[in-house]
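Several structures are given next for inspection.
Next come two complexes, and both contain chain A; in the first it sits with chain B, in the second with chain C.
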Partner chain A sequence: MWQYFFRRINLFLATSILLLLVLYIATGLFPVDKSFALSGIATPSTEQQLQINQTYQLQQSAFKQFIAYIQQRLSGDFGVSINSQQAVAGELTRVLPASLELAFVAGLIAIAFGVPLGVFAALTQNVFLQRLILAITLTGYSVPVFWLGLSLLLWFGVNLNWLPTSGQINLLYDIDSVTGVMLIDTLLSAKPYSFAAFQDAVLHLILPAVTLAVLPFTIVTRITRQALTNVMEQSYIRAAEARGLGTSKILFRHGLPNALVPVLKSIGLMLGTFASYGIVVEVIFSWPGVGNWLISGIYQRDYTVIQAGILSVSLLIISLSIFIEMLHTAINPVSRKELYASK
Partner chain B sequence: MLSSGCSEPQLPSGLVYCSEGNPESFNPQQVTSGTTIDATSHQLYNRLIDYDPETKQFAPQLATQWSISEDGLSYKFELRQHVTFHNSHLFTPTRFFNADDVLFSFNRIIDPNNAYHHVGRNGYPYFQSINFSQLISSIEKVNEFEVIFHLNHKDASFMFNLATDFAVILSKEYADNLLLAGTPEDIDYFAIGTGPFKLHQYVKNDHIRYHRHTSYWGPKVDTQQLVFDITPNSTSRFTKLITGDCNVSALPRPAELSVITTQPNIRVVKNPGLNVAFWAFNTQKPPFNDLRVRQALAHAINKKKILSVVYNNSAVEASGVLPPASWAYSKHFDNNEYDPQKAKALLKKAHVTDLSIDIWAMPVARTYNPNAIKMAELIQEDLANIGVKANIISYDWSVFTQKLAKTDYDSVLIGWNADNNDPDNFFTPILSCSALASKNNYSRWCNIGFDHILAKAREQTEQFKRQPYFQAAEAMISNQVPIVPIAHAQKVVLKDKSITNLHVRPYGGISFAQTTQTSTKDKQ
Partner chain C sequence: MHLNNIHYEEKKATHLRRIWQTFIDNPLALVGLWAIACLILLTLLTPFIAPFSPEAQNSQAILMPPSWHEHGSVEYFFGTDDLGRDIFSRILHGVQLTFGMSLVIVFAALFIGFIIGAISGMMTGLKSSILGHLFDALLSIPSLLMAILVVAVIGPGLTNVFWAVGIAMVPQFIRAIHQAVHEELQKDYVTAAKLDGANSLQIFWYVIMPNVWDILIIQVTMAISAAILDIAALGFLKLGAQAPSPEWGAMMAQGLDNLLLAPWTITIPGVAILITVLSINLVGDGLRSALVPKRN
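Then we have the complex of A and B:
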């Protein structure tokens, strides 16, 4: 088992170094001076230039430069934003929590609605309902997220005027950023209107979170249904039935835990798509997260921001996928068995 | 689920303005971009004098009275007393505004030996473009509340220039403190002024928050909190206005104005603007140094079509640089009418074949040009008709202006919003030789004869004597075609119906000092 974890960690390190290498080479290809693309300082003084050369080892061999690059980036030094001349790391810590908030809530919605619906679809004997659920999930899966986002924005925001359509909160609420997660910050705030601000933040979150949740929701529903249907046909379930256990006991003790293992795996596989959907949703709903920041960085040719955005999002995806895979192995006896057999 | 069923959360009082972009700095002395002016001049600062477009008179701000000497070379200003500067986490003023602040604010611009002159990377583009440092010989402090500006030569535009949004008054005490602390550059970011609002917080790409300046010297300010919600996308600004996240929204697209009639809570505020959108050729770069090529390109474009597609016919076609709203305007014959055949003939005469040019188009909507990229596409089509290939180039706004400063472009679609009611403001800052140095002269055209005409116009003080000079300047532009004037647009903002006393002036930045809200919320 430990050997397995060790191998996964190795995989994580190898992928990350490869990612850094690609980013480093791409940085050299930007149509600007390399020291500018690395540091972001627009008009460096002589001392600053020396400092940059020293930090990034620009006079040294390519290998040493790459090592210096890794050192800087991993120690959290992303240079300054070309556009604002502020530290990129500072901007990143401001936008990252907002993205995590959106992704977390969207994921929560997807699981909270997807798993029960999948279970229902697997258990119901009604063919019409089964087909209906399949049709809904297939439609949800195929709808392009930008169209869905814009439509929801138009219906619920502009036409019905029920929900706000952009940003995290009405800006008249002056909320100090503590964690960066608006739902938490509003509650932590000592302002007299903190609860009203929380309500407003929730209202602002609904449309983007629902839009982002649609894709994982459909996947979770379908995988749950499929896995549970499989599991319920296994002989140990029939044995349990034969022993006279109640349906709910069979379902919650023997069926669902086994059915959720493939769901976990599919969530891990979905992360990349989920992140790119997240970027689209953030742009549509002007959500002040990493995606929005990255896209405006691209428009503004802000090379340091582009690097930091790509690095942080990719590292997050790599580490989460490997974490989920390890979790999957840890809780799944079948893959553990395979592991020992292959040893 | 949560819905509007539960009682409407009580919103803190304040006003949200959906603005179109990030300010470059918080010091209007250092910029000419309207976005920055909107966010700074009238909110954070005051000037010595103001110009009232209705009475056409100068009005007191930080100067209460002024007098001009017989020879027109000395301007004496009496300063207002008991004016307080803002306080912030970096600064608590210990004294009232006085003559030292005036001297500091202007010496920073004109005196290269001033400790602050070189702070900030942009210089002082507006003041450089009007050659301000050559104009002023010295600024004299008579006593605490009296200053005299000594000029080198007569200049009818001087008072107008003091009334522009750029000529703001900074705090000398704050500057001295920052210099001691070793962080002089903070003066332009953590701004301190005497204006109706003080800067509370700026989050790039997101918002700027202002609080009311409680001891403001001027008329009482109703708005306790002012927020600029930075929303570059025009459709997003519009939806935010509909959903109530904004109370006022900048720069609607002309196409959106037709949708507004379906929204009962939204009002349009408009005013014929003092502005001009133009297409500038880089006259220092071949083949644009050839007059015939410039004329050919000017003849090739169909302004009528641009007016209908880009402006939805809400703008006036430009025959010259001055808009009809300017007092020096007179309708005159434009030499560069739409005539593709003539354009082809001119190109042939200039022996130019297979011409391929770049058109730089602004990525953001400006008052004078709501959609430069669309305009560039139309021009591209027109140019294809005369056998010229055009590439459209666009970057995000801040990158765009930085790259333009490198001056290796072919041509650019840009424009000018007047800063004051002086016609000179349409010529000197954008077409004179001194404007070339300040990089505001996008055509990079420097003509001694043209500068001479403008100098003559400045020497006169009577409008009727100045007007012929401005018309001569117009004729010269029409003959030399450094730029092709395209349109004069209306200045439009959208507002929620609860907002009153929001005026759009024909020139300069927006002001929220007098704006009031009737009721906080009447949704549902």
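Then we have the complex of A and C:
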């Protein structure tokens, strides 16, 4: 088991270094001066230029430059934003929590609704309902997220005027940023209107979170249904039935835990697509997160912002997917068996 | 069954025929297949069918609603946009860009991914693992971020969408083929063929490949629908096809200014994307349920 974890961590390190290499090569290909693309300082004074040459080893061989690049990036120095002339790392820590908040709530919605619906679809004998759920999930899987977001915005935000359509909170509320997660910050703040601000933040969150939740919801529903249908045909379920256990006990003790293992795996595989969708959703609903920040960065050719955004999101995805894979192996004895057999 | 006719020979359906039979038993999959056939036909025939050129502007008919609306006109079936361009013609021309482009990208990515995946899958040990995992780093970059990186290097435009989506897609094919080939390689029937003296090229082509094709086909249908969504998303974010282009995502971006005034300029391209992706997914689903039971 430990050997397996060790191998996974090795894979994580190798992938991260490759990712940094890809980014480093791309940085060299940007249609601007290399020191500008690396540091974000457009017209450096002679001193600054010397400083940049020194930190990024620009006079040295490509290999040394790459090592210096890794050192700078991993120590949290992303240069300054070309556009705002502020440290990119500071901006990143401001936008990252907002994105995580959105992604977390969307994921929660997807699992909270997807798993029960999948269970229902697997257990129901009604063919019409089964077909209906399949059709809904397939449509949800195929719908372009930007169109869905715009339609929801137009319908619930403009025509019905139920929900706010852009941003994280009404600008009237002045909330100090503690964690960066608006739902927590509003509750933490000692202002008299903190609960009203919390409600406002929740209302702002609904539309983007629901839009983003559609894709993982459909995938979770489909996989749960498939896995549970498989599991319920296994002989150990029949054995449990023969022992006279009730349906709910069989389902929750024997069926669902086994059915959720492939769901976990599919969540790990979905992360990349989920991040892409998250970027689009953030742009549509003007959510002040990484996606919005990155897209405005590319419009303004803010090369330091682009590097930092891609690096942070990709590293997050790599570590999360490897974590999920390890979790999958830890809770699933079957995949552990394969592991030992392959040695 | 009792056979009255002694000359009657029981016909056994071939493998392909049985798959086809299972496939057409699913009506939804068949609908999807018809839709795709129509789309492919449209990609080829658009210039002859479309009533207007995609860039033709008519200042007399600006923001005209679709024909079923009381102020609509049959002349402009889906209405017009803010420059008086016929949306129906633009949608038709968009088939070529969005759908046709996705096919080109997927097959280009498949070609490269197939070669690398097959070679790395047939190899064993460290070499295989390095080749197989080399592109995993690319796999972890979401396709949209990859596109942003490509746009940062070579600028926006429809040709750059090809590179952006293609680069994001190749590692997926490599991984799928690598895994499938590797899995088959462990099985006994491959060992039997090896003992018969087949060389590795023969093993690959005649022994392993027939069992990998179905995985590949499913992967291709999934990739096409993902490619369409990516192309459209890039167009929508103004990183892909640029303003006058009738690419569906770009059309939606152009309609964004009139979202409240003329929602059909957004809805119609959106529905076009939805229908296209849905029909591809229906076919993919049908293929999966027709092919996969055979594997177990």
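Observations on the model:
Assume the second predicted complex is superposed on the first by the 343 of 343 C-alpha atoms of A that agree within 3 Å, B and C clash if a C-alpha of one lies under 4 Å from a C-alpha of the other, contacts with A are read in each partner's own complex, and residues count from 1 in each chain.
Basically, a residue touches a chain if its C-beta (ideal position, glycine included) is under 8 Å from a C-beta of that chain, and two chains touch if they have at least 3 such contacts.
Every value quoted in this text rests on a predicted model; they were computed, and no experiment measured them.
On the shared subunit chain A, the superposed partners chain B and chain C are arranged side by side without overlap.
In the superposition on chain A, A:Ser276 makes contact with chain C only, while chain B stays out of contact range. Put simply, the three-chain overlay gives an angle of 90° at chain A, taking C-alpha centres for chain B and chain C and rounding to the nearest 10. Applying the stated contact rule after C-alpha superposition, one finds that A:Phe323 touches neither chain B nor chain C.
In the superposition on chain A, contact of A:Val158 is made with both chain B and chain C.
Legend: residue contacts after superposition of the two complexes on their common chain; A:Phe252 is shown touching neither chain B nor chain C. Look at A:Tyr141: by the touch rule set out above, it reaches chain C but stays clear of chain B.
Once chain A of one complex is fitted onto chain A of the other, the partner contacts of A:Arg301 extend to both chain B and chain C. Within the superposed three-chain model, A:Pro288 lies in touch with chain B and out of touch with chain C [touch as defined at top]. Residue contacts after overlaying the shared chain place A:Leu11 against chain C, while chain B stays out of touching range. In the superposition on chain A, A:Val22 contacts chain C only, with no contact to chain B.
Superposition on chain A leaves chain B and chain C with their closest Cα atoms 5 Å from each other.
Within chain A, the residues touching chain B in one complex and chain C in the other are 158, 299, 301.
Residues of chain A touching chain B in their complex: 42-43, 83-84, 86, 91, 94, 153, 157-158, 161-167, 170-174, 193, 195-197, 199-200, 202-203, 206, 286, 288, 292-293, 296, 299-301. Residues 11, 14-16, 18-19, 21-23, 26, 29-31, 135, 138-139, 141-147, 150-151, 154, 158, 272-273, 275-276, 279-280, 283, 294-295, 298-299, 301, 303, 306, 309-310, 313-314, 317-318, 321 of chain A touch chain C in their complex. Residues 2-4, 6, 9-14, 16, 22, 121, 200, 203-207, 209, 225, 227, 229, 231-233, 236, 239-240, 242-245, 363, 395-396, 398-399, 523 of chain B touch chain A in their complex.
Contacts from chain C toward chain A in the complex involve residues 28, 133-134, 136-145, 148-149, 151-153, 155, 225-226, 229-230, 232-233, 236-239, 249, 252, 256, 259-260, 263, 266-267, 269-271, 273-274, 277-278, 280-282, 285.
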